[in-house]
Structure formats: structure tokens, C-alpha cells
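Remarks on the structure that follows.
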Amino acid sequence: MLYLYIWLFPILAGALSWLLKSEKLNKLLILIHSVIHLGFGLALFFPGRRLSAALNIDNYSVWFFAVSALLYFAVAIYTLQQDQRLSPRQSSIYAVCLMAFVASMDGANLSRDLGLIWVFVETTTLASAMLISFEHHKQSLEAAWKYLFICSIGIALAFMGILLLIIAQPATPSLSLDRIIQRGYWINSFWLKLSFVFMLIGFGTKVGLAPMHFWLPDAHSEAPAGISALLSGALLNTALLPLLRMQKVLSAAQLGYLASQLFIALGLASLFVAAVFILKVKNYKRLLAYSSIENMGIILIAFALGDLAGKAGLIHTLGHSLIKAAFFLSAGNLYSLYKAKDYNRCSGLLSRDPNTGWLWLICFVFIIGMPPSPLFFSELYIALGLLASGNYFVLALWFILLASIVYGLGKASLEICMGYSEEKTRLPFSQYLPQAMLLLLAVAVPIAVLLLRP
Amino acid sequence: MADVLLVIFGVSLLFASITNMLSGIVKILVWQGLILFLLTILKTTQLNLWEFAFVALETIVFKAILIPWFIQDTINKNGIIREVEPSVSNFFSLGVMTAIFAFGFFIALWSGKSSPKLYPLHFGIAFSAILKGLFIIIANKKLITHLMGYLIMENGIFLLSLAIGSDMPHIVSLGVSLDIMLSILIAVLFINKISSTFQEGDSDELSILKD
Amino acid sequence: MILNLFFMLVIPLLFVGIINKTKAIWAGRKGPSLLQPLFTFLKLLHKQEIHSLSSGHIFRWAPSLALTAVFFAALFVPFGSRQACFGFKGDFFLVMSLLALAKAVLVLAAMDTGSSFEGMGASREISFTAFLEPAFLLIIGSLAYAGGLERIGQLFYRHTVNIYNEWSVIIAVMTALALFIMLLVEGARVPFDDPATHLELTMIHEVMVLDTSGPNLALVHYASALKMQIYASLISYFLIPEGMGTLGITLVFLLGSFSLAVLAGLVESLMPRFRISRNLELVIIPLSVALLVLAALIVHNMGGF
Amino acid sequence: MICCGLILLWLTLIPALFRRSALFTTMLCLASVCLAFGFGRVLFSSAPQICHLQLATLPLAIQFEVDALAAFFGCLFALGFPLGMLYGHFYLKAHPGEGAGSHLFWLGIMMISMFLVLLLRHILLFLLAWELMSLASFFAILFDRNNRQTRSNALYYFVMMHLGAAVLLCGFALLYLNTGSFSFRNLVFAGLAKWLLIIGFAFKAGFFPFYSWLPKAHPVAPSHLSGLMSGLMIKTGIFGIILVLFRSEWQAIELYILLAVSLITAFNGVIHALTETNLKRCLAYSSIENIGLIGVGLCFWQLGILFANPLMSALGLAGALLHTLFHSTFKPLLFYLSGNILLATHSLEIDSLGGLHKNLNYTSKLFLLGSLSISALPMFSGFISEFSILGAILLGFNSHSLASTLCSVVAGGVFAFVSALVLIAFTKLYSIVFSGEARSEAASKAKEHPLGLLLSPAILALLSLVLGLFGKLGLAFVSPLCITLGISQSQLVGLGGLLRGISLILVLLLLVSVILFLLKSRLVKHSRHSTWACGYFKGSPKLQYTGMAYINPLAYFLKPLLHSPKLHQEVQGYFPRELNYREELFDYLDKGLIASLCRWLGKFYGLFSGIQNGKTNSYITYLLLALLALLFWVLGVPR
């Protein structure tokens, strides 16, 4: 039933925009949708969780849903005055796909049935593939194809994992997580292990864990700014969610250690790949994409450690989503200012457009985990967790990789922001507001959460 | 009876690794669709009309007719060369196929102990189909072939889902098949777009984006 | 006190005089009178000064400051009486850095003229300190090692050479040697520097004060002589046996300083100058000697070999 | 008092945002006055004052603890900031740049965070303030936006600080795991945590293997900032190290290691200060050397406790603290004056300067004072502290314990060597920059600056002169802290007596020399003539001694300790047209170790940089391989 509610507005609005085909209307519809969405998210989040309890939605879902709602709202505002140079038809397709994309993400976030989660995740791929290929040139087409193809294969493997999970269960198997976790003890460990591996690879492809991350930089760098923000801020978390659920299942079947091992292994791999390419690439959007890979790796490590570090992982997810979204939107500004994606070709941002420049710098500072960024605290707690669990080696590796990532990002950011450019430009206000809002929230929300539930 | 069908399925996989024409693989897809239909009929003990209709739609109409037609159409429309042009020789791919079979059955037999309700032959074939699909993707350059590999893989997964019988909630399986159908449609769409933008649908051309 | 001051004023120039006299006699000449340096000093005081055009404020006040610094350093060293004028535990560092101060301001003054020769002299002169300061410190250390830190005069005075104790002889001889070499270096004598040479390129101290003239030059001469005398008196106090009457101390002190002057003169007339480039290597000798002394002491203290 | 000072400090950010440099400075001065009073009261009442800041329902009660240690450094900062900003105000006026507003803002943040670092005793908040400090200084350094060098060096600094913070974080995390409490108000640091903390703080203070950021960051920063950073900010590292040393038990061997590190730091710093040709970099290296000396003092503080020699520990600690105090007077002084030189001549290469004492009269005099005090000559401040430290070392020479004797032998030898080299380095610096004739067009055209740029240097110079003449003042300032750190009153009284005697003698010395000079200049008439060039009359500035030539005799010994790539072309033919020879002296640690480490890391990364080759096939291959690998892992690896 819940899913009907979620899909109701998109379907209607989609039909409407398809009929009328006017850009203004589309933007308006998107905005309305995002507002409703945000309202629902807040309703889920706030007091006492009555609504979420009624709908049988657990904390993870609420958290991830709220994050995606915030992001969607920000993106909707951002796109208001941005001229996307689209024909009415295209803009309608854009609106429809965007709404479908968001709705399917919600489905995946809110559902507690692995099968449905799978279906929705697959749907997100389809919807967003259209969105990525929007600027019709070779690169965007190629990026979209790679995204579609690799992710479909990954998702197929994830489905295989689901089948194996069914095999693993004794009589009258089911896919609803609660049931599975209840009977966790009787699950056949051999099949469970297999299914976990398949899901890890499958959904991991969508999360962008190395070495299945290859689609990610392409897709994120070629999509329009708003979409990139949604992709890396919301979609990756959505794909991460089933993995976390599976971790719960494994620990219910006394296989938690295995999940932790694999999580840490893949997390380190992602960190490493991110470090390698952040030092290499010159395209700033790809840079941001790689930094998303890195953060996904950190989050995975955090959840591998569990308890306190796990909570830190949630904070990190939130922080990364908001900051990275702001970062991608600022990158959108940068692109519309310089029309170049190579950061050596755009310098002197601070003198050309101070707002974007400072937004960029603050995003940089936040994303590398400098205070007052939430990532600072989360990373602190993750380090605590690593020390407590005696993973000194992992910790040392983490710090070394982090240092080189900081260097790479810093180099790019200074190249972009410093320097001098004689022409001064101003962008419409609605292209600064969302980033500022997101960054403020990134600082405020963790503190608020801390205040509400110490 | 079921075993025979399974074996035919396996043989079709072997055939896929030696055929030189794209149309050959398309034919294989058709055959596999039919086999899957029959297998479903055999597997499901009690058969109400809805399920029958659904399965028939999913396998016959969709897997065996619609998609192959689509693909053939794309091939014709975009004037894609009709040879498979694999980057490895048939002999080699045959060898790999054998290895895949061996691996699949090894897993199947090993796992057979741990789960009685699983029929090793069935599982082995399904598993090898999945791996074979991946291998076809790896070993070929044409996007269309990639798509076919993906389809073979999907067939393998379908086979596996048959192996566990009707434990899947219908809503899920409905969603699943819808998703797959959509994804294939969109993929075909993209292939058309791509082959109109690029010279020919060759994955070597699609390597502008790299670091 | 008075005695100290008196000797401080009189002896240094006499010391130089003796050195020159020795050299002359050794060379078979009659040589200038012992008081010649004093006469020169007085004569220079009457002359007018010439300041280089490129020189600035430092050049004017450097010599007087240098002299005062050396003088105050000398106040911490006994000259003829049992006690020095001033003194406190660990005053040697003050002495050391006062000497360093004197040297520093002279060097700055030399650089102030912008003459390449004086720059050369200054750089050579200041390079010596790098090795002399540690040497001096280690000597003090080895003396302190025996019986705790004391005022500098006491440190030297306290140490008595006991003929029958080979350790004390070894230590005495080695330390004296180290100090004597330091005397030669700081006093800019052969074999490290030749004040009498005719070629600026080979000088060190003399070339450093090339542009200094008149009273300034007088002050500089006196300062360097006093510096030498400080080392001389330290050495001589080193040889004074403990429990001697004041008169005896004075006599031994005078004897010691004069014989050291003669010794210096002999060295000058017997030894050639070292090559400038080798100089610094040889300046390290006191350092190594001081280390040896310390090692010997420690070994001795730990119960011999 | 302190709180209102802090609030005022926060308020200074508002004018900073509107580029009101003057208002910013005045407010900063007000805030500093408040803070100075507050801290001073705590310091001299020597009773730790704790003010809780219980925020609403926040689980962590923010808790400022102002103990003597914090108060001491707080006073230092509160005195140093206004002077620095006073200079900075005029500096920014004389050297305007685009980023002035943000620069001021970040300066303000930096100052606030430095105070917070002193005050906070809660692990999370401390780390927060610490990171904030690095961040703010990083942005403040980036004042000159168009200069590539500035960017890369600032980034280097930032990354180094990030690493240091990471180590610190690990240390505190271990601390938390051991004790289970986030507050380290009165914890005993032990085990690995202790070492991690020491290393983390050593990054900021600039101890031996971690100092390489100083000579990179200081030259590119605007001069007032480099003064503040080198004079005050690295002292936060010293603050942390004192904290750790005080709060933890130390074995002999650990202390020996620390001592060795400090000595190496001092030595390494000074030899580079000696050979460096860039004025500011030279000063940065000399800061490293001073930090090393402070470290030596601290080590002897602990060694004194270990050898049950209270006087030694008293002298060591007092010396270290005094040196901290003095260094934060004369180092900013020198940096500000180097800023003046930069403004006047647009160059910091000493071999292109010279003869500035004519044009920059006051600057040259102040610089002379600064360099005399930094080279620890009597009558100037450096002398007092080094005297005290050396006294501690000398006390080690006693026949009872071999260990202490050996410590003292090594420490004493190196110490004396270092102080001699400092003398050489700074005589070189002064005489090459200011004495003689101008070596370049710009240097000869230099103009003296208005009062504003000379005011705070003058104050600092006066301060260091007074502190040098009357050592008792400095001692009175540090003794409360010494007592709280467990030094008995009597020892300090003894030292005080000594210092009084010394100051008497020094004042006498000053008087006598002045009188002598005045007499001479009254009685003696003098004339001026060009420098005697030994009969050669075409004297030209090119003939003067250069910095390299000045240290040549020593360079012969120091070569093996320096990384010196030569570049010279062979002579061709009998009448070679031109011949150029270049030799630079680099830091082994920087050019040798760190650079090559980075290169190796880059190579290693490079091995993997080919995987994103744009081919779908290979992507799928990686995917398949990962799948198989994980399958084998889960099926193969037992629990």
C-alpha cells in the first residue's frame, strides 16, 4: 500500500507533464514532489516515530529516506533557475524520469522485503540511465550505457544471491527480513555465505565498491549536476541499504564476522582505488566521483565494525550525502562558469565568483573531515572502533590513503579557487542557496540528533 | 524428461560458444526460451490458469519471441556485421565453456549435500549458464553480443529460480520479469542510439571515458 | 681584587711583547723592547680614526664594546690573587659568551666595511668558535666532573697536579695542552695565524681589522692580548698547587704566564704556519683532547682499565 | 575575564568579514588585554580556575580549565597576538591583496582556536580546536593567491598537519579506550598513547623527523603570519609535549631517545639555518633549532627527576620555559623585520641584498638586536635561557652516575656547538643583508618604512633587551608554572639570585661600554674614506663576501650532512666563453627522505592506474574475478 502512495504523485504528475510538455510546469511539479517528499520524510523522522512505527519502517529506512528527501529538495531548488537548454519534450522526459527515479529509491529505502528492494533498485538503474544520457553527446551516451549494462549485470548477480538466500532457508522460505532474521539460526550457512557474496558483488556494483566501481566515475561526471548529486548522495546509500540488511541477517546466523571481513576488504579496496585515481585524474567531477567511492569505503568499514562505529557510519552517510551533493552542485556552477571539466582550465574561481569559490572550499574542507564537518566526528569514532577491535594495520593504511586523498583533492581545489581571473560573474541566487542549506544541515543535523537522543 | 531438457539447454550453451553468426545466438535464445517454458510446465505441480498465463507470457511471448525479434531487428536496422567476431578463438571458448561446466557441477555436487531440495544437474546447468553469459560478454566486443550474453545469464538465473520452485512471492517475480523486460528494452534503445551516434556498436569505440 | 685589575691592565701587552722578544732573540735579532706593544697602544690612542664610507654604526662602537666584553670576561678569571673579582657557580658560560660577544661584534664591524678581505678574515675567525666553544665546555665539564660545578677560577685552582698520581698528571698535561692550543688560536698566533705576514690573503685576525684605525685599533689590540692572557692565566692557575700563600700564587701566576709567552714565541719561531684550508681541522684538536680527558676521567672513576 | 576575552575575540570576526583591519586590530587588542589579565591572575594565583560551560542538554559539558600551564601559554599568546596584528595591519596596508577579508577572518579563527587548544580538556573538543587551528592557519597562509609556490607549500603544510592530527587522534583514542572517559583533565598518559601524543605534538612543534613543513610554510606566508606561526603557534606543540611529559611516567631509555631527538633537531635546524640563502627559510630553520633547545631543556627536567637531582630539573624546566618565552619575542621580531625587508626590496634572497643599514636604518638596528638575542649573547634575552639549560647540562657532570655524565657530555658538546653555529648563522645573516654595499638595484633603492611597520618590532626588541638584561623578570614570569610542575621554590630562588647577579654585571658592562664609546667619539676626531681594498681601487659590491663564502670554512665540514646537488658545466677549449657553476644545499629530510617516499608511493599507485581503461569487457572481467575471489574466500577461509 505504502508503495502506491509513493508512486501515486509521480505517476499523476508524470502523466500531466507528458501531456502539457511545458518546462516551467515540469520544474514546478518536481518542486512540489520534492516538498511533499520532504514533508513525508520529516513526518517519519519526527516526534516519537509514530508514523514510522505504524508503517513498520525501521530506523535505517527513516534515516536514508530523510537524507534522500533533503537532497531531492535541494536539487529541485537548484534546477529552478538553471537553464538546461532542453526542448519541452526532453524536459518532460527529464521530469518523469526524475520522479520515477526518486520514487523507486524511496521504495528501495522503505521496503523490508529483499525481493521488492531488488525490484526497486533495478528500477532506479533504468530511470537514472535515461537521466544520465540527457546531454546528447558521445560521452554521456557511453556513460549511460556502461552504467546501465554493468549495473544490470550486478543486479542480476544480486538476484542470484536472493535466490540462494531462498535456497538457504528451511521450509517455507520468505524474503521479508523480519522473518529471515527471526529464523536466522536455522539458515544453512553454506548457502547463506554464497548468497551474501553474490549480493555483496551485486549491490556493491551499484554502491560503487572497488573493483566494481567502474561505471561510477563515468556516470557521475557525465550526468547533469543535479543528477550527479542525487546519484552519489542518495542512490549509493540506497544500494548500500540491502547490504546492511544482509549484514544483520548474517549476524543473526552467527556469520557476522564474515560480513565484517568482506566489508573491510572491499572498503579498503575502494579507499585504495579512490586514492590512486584522485591523485591521477584532472576532471573535477570524476574527482568528486572517486571521493564518493572513498567515502563509501569508509562507511562500509564503519558498518563492519558495528556498534558505536556503526552509528558513526550513519552519521558519515548523512554527512557524505549532504556535503557531496553540495559539492556536485557547486561543480555544476563551476561548469556553467567555465564550460570546462579539466581543473587546470578553470582557475581563479574565488576572484571570479566568490560565493561558488567559498562554497567549493568549504565543501572540500568538510569532505576531508575537518571540523566542523560531521565526517570529523564519524571518522574519529571509526578510528576508535578500529583501535578497539585491534585493526591497527587497517587504521594505518586508512590514514595513509586518506592523506594522499586529501593531497589530491586539495591540489585540485586550490588550482580551481586560487589564481586570478579578471572577469566577474554572478549566478542566480537559487544556485547558491541549496549548497549553503545542505552544508548548514550537515553541521546542524548531527548536533540536533545528539541533542535529541544523547 | 526434465533432465533431457536441461541437457539440451547445456548443449545450447556449448553451441553458443562455437557459432559464428549472430543469428545463431539469437536462435539459441529462442530455443532456451522454449526449454524454459517446458521446464516450468513440468516443474509446477498444480497449475492454475493465471500462473500458466503468466509463465507463458514470460517465457514464450517474451523470452522466445519478443526479445529475439527485437535483437534481430536491431541487427538488421543498424547494419551490424553478422559475424560474432569474438576476440578469442572458438576452440578456446569451447575449452572455457567446459571448464565452466566443470566448475558449475563441482559447486552443484559440493552443495548438493547441504541442501536436499536442490537437484545438482539443474543447479549446475543454471550456474554454468550464468558464467557463460558473463564469459560471452567478456570475450566479445559487439554491444549486441554483450546484450545476448546478458540474456543468456538471465536465462540461467531463471533456470535457477525454477530450481527452487514456486517459493517466490508472485508480486516479486512479476516485478522481476517486468524489470528485466524494461531493462532489455532500454538496452536495445540505447544500442540503437549508440549505433546511430558511433560508427558501429563496438565496445572499443565506447572507451572515450577513461582515466 | 686590586691586584687582579692591575695585572689585567699591565700584563696583556707585556705578554705580546715577550712573545715578540722571544721570536727576535731566537732569530738572532735584538728585537723591540718588551714594552713596544704598550708604546704602540699609546701612540694609536693619539691618532685620528678613518671610517670606511660603506661602514655604519656598528663599525664605530664595535671595538669599545668588544674590549669591554673581554674585560668583563677577564674579571671572572683570577689574575694573580686567589679569587677572581666576580664569580658564581657556572660563570664560565658567561665568560664564554662574553668572549663570543666580543668576537661577534668585531666580525660584524669587519663585515660592515664591505671589504672582501675583511669578510674573509671574519669568516675564518668566526669559524674557529664553532669548535672552540665545545672544547672549552668539555674542559670545564671534565673539571666539574671531579668535584661538582664551581666558579671558573676555583675550578682551575682546585685541581692540583700530584706527581705521584699518574691520572692527575695525564689530565693536567692534556688539559693544559688543549688550553694552550686555544690560546694560540684565539690569540691569532702561529701556527694558526701569522700577525707578521705581509700578505692579507693569509691573515685571519689582522685582516679582519684591516680598516680599523687609531684608538679603535688600539682597543682591538688590547682586547685580543687580554683574551690571550685569560687563557694563559687559566693554564697557570691550573698548575698552582693548593694551599699556597697569596704571594706564592702571584709569583707562580707571573711565572706561568711569562713562560707561556716564551713558549708561544718558541712555537712561532719553530713552526711554520698551517695551510689556511687545514686550519679548521687542526682547531678540532682541543675538542678531541678535551673529550680524551673526560674519557680518561670517567674510566679512572669507573675503576681504571 | 577570560570568557569575556574569548567572546570579544569571537566578535572580532565581524569586522574581519568587512575588511575593517583597523577595527579588527583594536578589538583584538582589547580582547588580548582581557585575556592577558585573566590568564595572568590565574598564573600568579597559581590556583587552577575551572569554568564549566554546560550547554542545554548536551551530553558533553564544555569545560574550560585554566591551569597554570594554560595560563602561561595564554599570557604568551595574549601578548603576542596584538603585536603581531598591529604589525599585520600595516603590513596588509602596504601589501594589499585580494583575500584580505578572508585572511583576517581566518587569522581570527586561528587565534581563537589557539586559545581553545589551551583551554579545552575534552578529547573531542581539543581535537576539534586543534584541527581548526591547522585549517585556519592553512587558509591564512593562502593570502597571496596568485603564487603557485604559496599554494603547493600551503598544501604541504596542510597535509603534514593532517597526518599529525591523525597521530594525535590515535593517541587520544587509545587514551579513551584505556580510561573510558573523554576528559583528560587529570589522566596519567601511559603506554603507546603517550608516544603517539608526543609524536602528534612533535608534528606541530617541528621536532626532527616532522619539521619539514616549517621551512616550506613560513616563507610563503605573509610576514606577520609567519611571525605568529613560528613565534606562537608551534608553541602549542610545546604546550602539548609539556603536558604529556608532566602527566606520564618516563623510563631512562625513553628520555634518552627524546634527548637524542631534541639534539638532532637543534643541530639539523642550525646547520640548515647556516647554509640557507632565503631569509625567511633561514629563520624557519632557526625556529626548528630553538625548538630543539627547548626540547633539551625539557628532557633535562625529566632526567633531573630521574637522577634525583632537583636543581638539574629546575634549571632544565626553567630554561625551557624561558626559552619558549624569549623565542616568542625575538622570532616574531625577526620575521616582521624580514617582512619589512621584503616590502622594501621585494626579495628575500640574502645574496641579492646588502648595505641596507643605510636605507633601512631602524630596521637594521632592530634586526641586529634580534639576531644578537637569538644567538644567545649576553645582555640579550637568549643568553639567560641557554645559561639555565646549560647549567642543567653541566650539573650532569658528576662522578656518581655514568648515565647522567654521558648525557651531559653529548648534550653539552652538541649544545655548545649549536650555539656557536647559531652565532655564525646570524652574524652571517645580518652582515650579508645589512652591512657593506647593496648587491642589487632594489636593495640600493630601498626606503625606510613608516612608524607603523616599526612599532611592534621596536616593542619586541625592547622587550628582548630588557628581558636579557634583567633575567629575573623572565624567571618571575615562569616560576609559578615551574612550581605547579613540581619544582621546589628554593631552587628557583637560587637561580633568581644568580640571575640578579648576572643582570647587575651586564648592566655594568652596558654602561661601561657606552661610556667608553661616548668618550672615544667625543675625544677622537675621525674622517671618512672609501674601504681599503689593499691597493685595488675599483672596489665593487660584487667583490663582497657572499653568504656561501662566509660559511665556506664550515661548509667543508657540513657538506656530508647536507644534500648538495652540484651543477656545473665543464670548461671547453682554451678560452672558455662562459662557465657557470651552481651548488645548492638541501635538506636530506625534505629532498631526500620525504620526496622519495612520495615518489615511491606514487609509483606504487601508478601500478594500478591502468584499470580504468574504458573497456566494458575488462570491467566485467574484474567483476567476475572479484566474484570468484570472494567465493573462494568465504568457502575457503575458516573462522
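Per-chain numbering from 1; labels A, B, C and D assigned in written order.
Quick note on the criterion: a contact is a pair of C-beta atoms (placed from the backbone, for glycine too) under 8 Å apart; a residue touches a chain by one contact, two chains touch by 3 or more.
Predicted model, so just to flag it, every value in this text is computed and none were measured.
Participant: Would you mind checking which pair of chains has the most C-beta pairs in contact?
Facilitator: If you count contacting C-beta pairs, the leading pair is C-D.
Participant: Whose Cα centre is nearest the centre of all Cα atoms in view?
Facilitator: D
Participant: Find the geometric centre of each of subunit A and subunit C from their Cα atoms only, then give the gap between the two centres in Å, rounded to an integer.
Facilitator: The computed centroid separation for subunit A versus subunit C comes out at 78 Å.
Participant: In whole angstrom, what separates the CA-based centres of subunit B and subunit D?
Facilitator: Their C-alpha centroids are separated by 69 Å.
Participant: Using the average of all C-alpha atoms in each chain as its centre, how far is it in Å between subunit C and subunit D?
Facilitator: 36
Participant: CA centre of subunit A versus CA centre of subunit B: separation in Å?
Facilitator: Subunit A and subunit B have C-alpha centres separated by 31 Å.
Participant: For subunit A, write out the residues touching at least two other chains, lowest number first.
Facilitator: 146, 149, 153, 190, 194, 217, 277, 280
Participant: Subunit B: which residues touch two or more other chains?
Facilitator: Subunit B, residues with two or more chain partners: 134, 137, 146, 206, 208-209, 211.
Participant: If you look at subunit D, which of its residues touch at least two other chains?
Facilitator: Subunit D, residues with two or more chain partners: 609, 612, 616, 620, 623.
Participant: Per the touch rule above, enumerate the chain pairs that touch, sorted by label.
Facilitator: Touching chain pairs, listed by label, are A-B, A-D, B-D, C-D.
Participant: Provide the residue numbers of subunit B that touch subunit D in the complex, in ascending order.
Facilitator: Residues in contact with subunit D: 87, 131, 134, 137-141, 146, 203-204, 206-211.
Participant: Looking at the complex, which residues from subunit A come into contact with subunit B?
Facilitator: Listed in rising order, the residues of subunit A that touch subunit B are 113, 115-116, 118-119, 122-123, 125-126, 129-130, 133, 138-139, 141-146, 148-149, 152-153, 156, 159-160, 163, 166-168, 172-173, 175, 188, 190-191, 194, 217-218, 221-222, 277, 280-281, 286.
Participant: In their shared complex, at which residues does subunit B touch subunit A?
Facilitator: Touch list, subunit B to subunit A: 111, 114-115, 117-118, 130, 134, 137, 143, 146, 150, 153-154, 157, 160-161, 163-164, 167-169, 171-172, 175-176, 179, 182-183, 186-187, 190, 193-194, 197-198, 206, 208-209, 211.
Participant: Tell me, which parts of subunit D touch subunit B in their complex?
Facilitator: 609, 612-617, 620-621, 623-624
Participant: For the complex, give me every residue of subunit A touching subunit D.
Facilitator: Spelled out, the residues of subunit A in touch with subunit D are 146, 149-150, 153-154, 157, 190, 193-194, 196-198, 200-201, 205, 211-212, 214-215, 217, 257-258, 261-262, 265, 272-273, 275-277, 279-280, 350-351, 358, 361, 365, 368, 370-372, 376-377, 380, 383-384, 387-388, 395, 399-400, 402-404, 406-407, 410-411, 414-415, 418-420, 450-451, 454.
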